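A quick write-up on the structure given underneath.
Residue numbering begins at 1 within each chain, and the chains themselves are lettered A, B and C in the order written.
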Amino acid sequence: MKEIAIDVPVEPPKELESLFLPIPKEYVEEVYRNDEFLILVGPQHPGSGHMRLIVRVKGDVIQEVIPDPGYVHRAIEKIAETRLYVQNIPLVERPAIMDSANLNLGYVRAIEDGMDLEVPERAKYLRTILAELCRIGTHLYDAAILSVFLGHTTGFMYPFGIRELICESLVKMTGARFTSSFIIPGGVRRDVSKEILDWIYSATFAIEKRLRSFERLFIKNPTVVARLKDVGVLSKKEAIEFGVVGPFLRASGVEYDVRKVEPYEAYDKVDWDIVVADDGDSYSRFLVRVNEVAQSLKIIRQCIAEIPGGKVISDQICEGNDIRGEFFEKLAGIVLPAGEFTTLTEAARGSVIYTIVSDGESNVPYRLRVVTPGWLYLRGFMESLKGERLADLQAIYGSFGYFPPEADR
Amino acid sequence: MKVEFKARRLDLLRMHLDVIREAFKQAVAPDRVTVEYPRERKKYPANFRGIIVFDKDKCISCFRCAHICPANAIQMTFYEKAWPGIDYTKCIFCHFCVDSCPTGALRSTKIHDIAFATMGEMKLNAVQMLKAPELTREDSFTVEYVVDPQGWRLEKKAEIDELALEQFIIPEKRRVSVCVDPESCLGCRLCVELCPNDAISVDRKANKLNILPEKCTGCGICVRNCPMKVLELKEVK
Amino acid sequence: MIEVLIDLIRYFLSILKSNQLDIPLIKPIIALIMKIVAQIPIPYLSNLVDLILAVILWRPLFAVVVMPGLTVLMIYLLYIVWFERKLTARIQWRVGPLEVYRPLRGAIQALADGIRYLFQEAIVHKDAHRPYFVQLPILAFIPVLLPIAFIPAGNVVGIKSPYAVQLTIAFISLIPITVIAIGWASNSRFAFIGSVREALMYVAYEIPFIVAAISMIFLYKSGDPYIIVENQWIPGAILNPLAFLVFLIAMLMATSRLPFEIPEADQEIAFGPFVEYSGILFGLVMVLAYEKLYVMALLFTILFLGGWNGIYISLLGDLNAPIWLTIKTIVVISIIAMVRSMYARYRIDQAIRIGFSWLLAFSMVALAIGVVIGYEGGI
């Protein structure tokens, strides 16, 4: 295609100097000299979330995207240094409230790692159920955001409608619709009765039935396929190079899942598959997560069918089976031995890393390092935007399910 | 498991028809699950974490709730004894305080919808927490989600759900403070000063702590503040 | 002097009287009104009432102002905004507008919104070209409302013309210019992008749209709505289904409805050309697309669905044709409103590709079908 250029001298607009952009002045000038243009998408844009994207476009084609994250940075790592170990449980859930159980689980596992706690089997199964419920919830949330980015409002309402069942399951189990703070060192806060587990078991079928409506209207919608197919492609090599994690790595053909590689909780006792796709485009990223929802439902059903009896809290923490009334006695005084304890957990959007550094004598962490998946795949996300059209920015954004509060922590 | 998607032109036509069929189906008979909230109320389970109420007769002023609160939302104020007051601008409803309360003086209700006129009003003191806040109930139905393999539907019942129910009674455990290592005691009298019930005194002649078990409520303030950690809470039958 | 004036009014009245609507249903009512008025001892009152009634029932004015003109357009606007929200909500497992007068299930929500727009401050921002920014939403109504004068409903017609279909198409083609001008006057990035997208979409749908309409003109061998409707004892949709399909899709593109809601894309360019508008000005530009849809649906009904053909109710007399036309139009629009909750938005290049590839091809085939049927004189 022949490029037609009209030589009009363009001055970089004054406003680009005053917006505290994380790019040097020379870069702006170079962009404008090359007949290109800088577009600032966000943080108040309806299709950007709490992040600014500095998009360098030539015509309608994106040349480069520079992210400007940090608008929702809440210094979770620093705050954690001033709180008791157990007080950090509600804190570490906050980065991604839909995915609270997975983030909670990673932190608690790091503490258990340090204290050498043996978690009872029943608690492990309950934790798995919680984690998978939150995974479904997050995937549905991301699907909803993707569809509203594509202008499909029905696709927005359906997953949020279905997510109501997840919230209801969580409220029945833990007492809160999300940010349940239910997983504590040594087990879970209370036992879950059989009626509630049965309710969740039937809810999985109801979710599946509703998802079929969603599939017909959104997943297999020709306009959606047209928007997402062959857009924002990350090849297998690139995905590994840029350190993409989670379902987005699997969408590029890499068969890696922490739940299979280093099984924790009850994941090695149930039968499930890693969902992989080869194309690495936006649509396969979306499809992988849709199919992971089906796998999660399968895991939940198996867990509920096979859940053993017994205690839900470790003997090392509490003699009884209920921590209510003794929460302070048993958990407030936790002191980890000196050392560094790291766990890798598969959250809904990818692997989340928790590292606790303890000095061995204080009842607060010396240092807590949290690396959330959003932060890890930000690079891959930015690279996949190159060479796409500006209108595809939202489609790719939605296909990654990038969640700034999670990435910024 | 490998997922892939391939569609030929004919498949696309079928997909278009699927979309149109599903939309018409929903337009004619929608799978609606709306709870018309102020007029209907969803039934929440007994373990729901909502607004917290306080029972002053059970409180032993042990400060555990204020100490465990991750959001620093609980402030103790002195009335007859030191009682907790919750600042709902900060509260995150994790209910660590409820789970920490050794006597069940704090308990949860199913109330989750309170409107405060000002930020200042959100800071409740213990006296305001004695009763569950008054609600203007507009609801005449209670709705429950019913799920089965056939799907998900709402079940409406013409009854009003009681929101401020007693939900969980903590098994009472009587504990008293005991000095386990009298040799290490510095004699700093911190415990004597701190004890809210004047249960601790120092016997000068015998040079030892006297803890009166009948006065001690087992609040553990002395235990937590002892610089030499010579005090401990012991369960008594 | 007064005699001359009265003579003039008499002459005027005679013109009006020569072209009155004939509605048997309201004849007794008019007679009753005249009887009551005759008893009131005020000079010239009965003449005045007679004049007012004559003006209202004068066919050209009735067509433009009442039906299928402005009054019906207003009612339609209130109805379609509510209906679209309600229908979308139904498909999306929601309830939709409800609380603005609950016994009517929120039916006056659109009215409440309109009143709110009216009393809101209309902000004109600093960088906007002030005169055009304020004028254009009002100027945009000229090409939208003018076709109504030419579209007939039976013998109720504003301006009778044998080229009514062609004229309507010409006026519809003018609308995007005002939208582009609105984007220019707004002087904002998103409005600029929206204007350019509107221009590109215009290029994409205009040719298939005109070709599809022309194929029907060939088919009926005339652009006169009367001949078109008379010849439609088989609806045009069955005679030329391809033209029907092309016209329908072009209608979606022209009124920027999903899946072609590209110029206004909320998530990408935040309502495109109209991003800077607020208050009543926003209310005006917002209904622009709905009015365009109304005009196009009127044309669609005349070309493909047999216009004002329907069961004749003798009691309604001349009112039959406008009522049938309006009902058919509103049914068409109500079905089109459903597309909003079915599809995602295409990308601009995909939409243009659709417009220039198979939409254009289909329209050409439709043209061939129209020419063949018209030439054979099958109808």
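Rule of thumb we're sticking to: contacts are C-beta pairs under 8 Å (C-beta built on N, C-alpha and C of every residue); 3 or more make two chains touch, one makes a residue touch a chain.
Values in this document were obtained by computation on a predicted structure and should not be read as measured data.
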{"item": "Pair with more cross-chain C-beta pairs in contact, given A-C and B-C", "value": "A-C"}
{"item": "Nearest-to-centre chain - CA centroid comparison", "value": "A"}
{"item": "Distance between the centres, which are taken as Cα means, of chain B and chain A, whole angstrom", "value": "27"}
{"item": "Gap in Å, rounded to a whole number, between the CA centres of chain C and chain A", "value": "48"}
{"item": "Rounded Å distance between chain B and chain C, as computed from the means of their C-alpha atoms", "value": "59"}
{"item": "Where chain C touches two or more other chains, by residue", "value": "91-94, 341-343"}
{"item": "Of all residues in chain B, the ones touching two or more other chains", "value": "19, 23, 26, 31, 33"}
{"item": "Multi-partner residues of chain A (each touching 2 or more other chains)", "value": "154, 161, 217, 221"}
{"item": "Contact set on chain A toward chain B in their complex", "value": "83-84, 86-91, 154, 161, 164-165, 168, 171-172, 174-176, 179, 181, 189-190, 196, 199, 202-203, 205-206, 209-210, 213, 216-217, 220-222, 225, 229, 273-279, 283-284, 287-288, 291, 295, 323-329, 332"}
{"item": "Of all residues in chain B, those that touch chain C in their complex", "value": "19-20, 23-24, 26-27, 30-34, 36"}
{"item": "Touching residues on chain A, where the partner in the complex is chain C", "value": "39, 45-47, 60, 147-155, 157-158, 161, 217-218, 221, 223-224, 226-227, 389-394"}
{"item": "Chain A-touching residues of chain C, taken from the complex the two chains share", "value": "88, 91-94, 189, 258-259, 261, 265-268, 270, 340-350"}
{"item": "Residues of chain C touching chain B in the complex", "value": "87, 90-95, 338, 341-343"}
